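Order of writing sets the chain letters: A, B and C. Residues in each chain are counted from 1.
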Amino acid sequence: MPPTPATPAIEFRNVSYQVAETHVLRSLTLQVQPGETLALLGRSGSGKTTTLKLVNRLLSPTAGEVLVNGVPNLNADVTRLRRSIGYVIQEVGLFPHFTVARNIGLVPKIEGWPEPRVRARVEELLQMVGLAPELASRYPHQLSGGQRQRVGVARALAADPQILLMDEPFGALDPLTRDELQREFISLQKRLRKTVVFVTHDLREAMRLGSRIALMEAGKLVTILSPDEFLRSTDPWASAYVKAFGDRLESTTTEGKS
Amino acid sequence: MKAARQRPRGASVLLVSLISLFAFSCSHSRPDRIVIGSKNFTESLILGELIAQQIEAHTNLKVERRFYLAGTYICQQAVLAGRIDIYPEYTGTALTAILKDKPGSDNQAVHQQVKSEYERRFDLTLGPALGFNDTFAIEIRGEDARRLNLKTLSQAAAYAPQWRAGFGYEFLERPDGYQGLAATYALHFAEQPRVMDLGLLARALRDHQIDLAAGNATDGLIPALDLFVLDDDRHYFPPYEAVPVIREQTIREHPEIGSVLAELGNKISDQEMRRMNYAVDGQHRDVKDVVRDFLHQNKVVP
Amino acid sequence: MNVFRFILQNRSQVLELTGEHLWLVGLSTLFATLIGIPLGIVIAHWPRLNKPVLAGANIIQTVPSLALFGFLLPVPWLGDRADRLAILALTLYALLPIIRNTYTGIRGVDPAVMEAGRGMGLTESQLLLQVELPLAISVILSGVRTAIVISVGLATIAAAIGAGGLGEFIFRGLAMVDNRVILAGAVPAAMLALLADIGVGWLERRLQPR
């Protein structure tokens, strides 16, 4: 579905971020439309993780504004903001002293959902991310890497946020599991239609999952293109990327994205 | 959360036993049990034992002994905290070391002052003075006393320039010790006084290593070594009468103690105390036996 | 075996002195925990305070206990009652292990867990109470265990200034030159320390996060 000329879900207006002498982000301007899956692609140090963290205010810009649903996120109450945005990181960060069920149900619970509703939601999510219901009473250390990240995604989706931020979510997994989770993500996203921004350094993943790819280098946005456009792009950085991945790229552009 | 449920059992048993031990130690009213303390030198042990046996003989109370406490401050803390009920103290020590008042010289006045201060400030009271004055004794050899016909310190001062003196460390340092004494009696020794261990002073005197020493008036060795105690005619030294220090709470709960201890009032003379000290220190007899004999002989039976 | 018979014969006094000992150790450990754990939490979150606070606690530890007792004797309200003084001194000595272990325990929480928690919208106090402290509790308890064992030993020295406790047996026994009396104090004190070590150690293992 083409993006409607409505309020962007996320917008960066001339955002800069500086730490001591280092300019991590320079004057970043970009918009993320509701329902789209934006891949932030770039090398280490390109500023992609910083960009992600500026959305849920884990970091604050040194210049410019970040708007979420049209509201500058510095104006919003940070707790409410973060609870309305799902956050998934590479290390997963499950609470080791909570069961899977308690991990997933944490945000609903602190949001005051009644116990039965929380339990129902946990069951629903476990099914959604493809985990057996028996796993609900297990502890994170008893799960495999793939299972843990599924729980991470379930946890992020628990309060049904509109926006999902993911920082190299499948980076720590073996290729088979990664492939499996990527496929499942695609079908999940088809169903849920969340606004997703995910960080990756892997062009294949960006092309497979993203509806658009934002290429970043040295804190600047180089170009922002659809996967097809990216493949054919003459921009030096983009083509460098395409070349680096060589013939490992397939045409993944039609795989179930609208 | 299975693990969480198993925790309470063991933990609560431990907690309950700890709390009950706390409670046990906090309640210092021990039914029918009296604790007598004493310091860690012979005379104090004898007095403590005396108080203990007196109470055992004439009341139904069970007596526990907590002797050999290492000093005045510790005994004071123990009686304040109720860990002991009674212990033998000296009026002069109570006055200067605990109340931190200036030393007086009249026995009665000092006794009264200490008693009223203790009752006012500490909820403690004093029993009667036991009869002797364990003050500092300035000693010379018996033969010198007889030869030079010396009875008082004022008389002896004339010979000071020819004599060597020996004192314990504490006596030299204390404000109510050597400094004041020398000033009061205008004592001028040829050399600086020698510092010696208290136990060696008497022998050093006998062996002519020194000619004058400061000991305790009730020291058992005084008669044994033929030493003479010079009279403090200018009343420089404050009185050190032995008195039982008693918790007011103890007297309230067991008023019979008051009358039982009153029987001991004035029963021990300086000589008698010396004799008992010598029996323990010199003849190595057991404190319990020495005290038992004393009580029998003096028929301290109401 | 002489010692155990002696302890049995004088059991009421042994119990009483043990109670006094527990009072000194219990109260001081409680105070040290009430002060030390919050302090440890503060320096774990504001690392700039870390050096001065830990250095301060460290300095206290290096002062020989008997010297500290002696130092505090002339202080007006404290010096009047030896047990007050002892409890203050014991509290001071228990601070370092507790503060340090709280700091280490909290810093030891996986940063990924903290980042995920923060990103999810947990408030700082929710993070502290539901994530950091439960995950750090085992290490914190280890610090409390060390503090208790140290206190049981130091409390025996407190008897030297008249605070009571099992140390009094030891000092009296020394003056009487009677081994049974010395041991009547030393043995129960050692057993107290051992019991505390085992008991709290068991609790630590129970509460260890997987």
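Remarks
Please note the rule applied: a contact is a pair of C-beta atoms (placed from the backbone, for glycine too) under 8 Å apart; a residue touches a chain by one contact, two chains touch by 3 or more.
On a predicted model such as this, the values are computed, not experimentally measured, just so you know.
Taken as a contact graph, the chains are arranged in an open line, each linked only to its neighbours along the path.
Counting C-beta pairs in contact, the chain pair with the largest number is B-C. The central chain of the assembly on a C-alpha centroid basis is C. Separation between the centroids of chain A and chain C, computed from CA atoms only, is 48 Å.
Annotation: 37 Å between the Cα-based centres of chain B and chain C. If each chain is reduced to the centroid of its CA atoms, chain A and chain B end up 84 Å from each other. Counting partner chains per residue, chain A has no residue touching two or more of them. The residues of chain B lying in touch with chain C in their complex are 3, 6-7, 10-11, 14, 18, 21-22, 24-26, 33, 40, 64, 66-70, 73-78, 80-81, 83.
Every residue of chain C that touches chain A in the complex is listed here, in rising order: 110, 112-123, 126, 131, 134-135, 209-210. Chain A meets chain C in the complex at residues 56, 58, 79-85, 87, 89, 91-97, 106-107, 110, 139-141, 152, 155-156, 165.
In the complex of the two chains, the chain C residues touching chain B come out as 12-13, 15-16, 18-20, 22-23, 26, 73, 81-83, 160-164, 168, 171-173, 175-176, 199, 202-203, 206.
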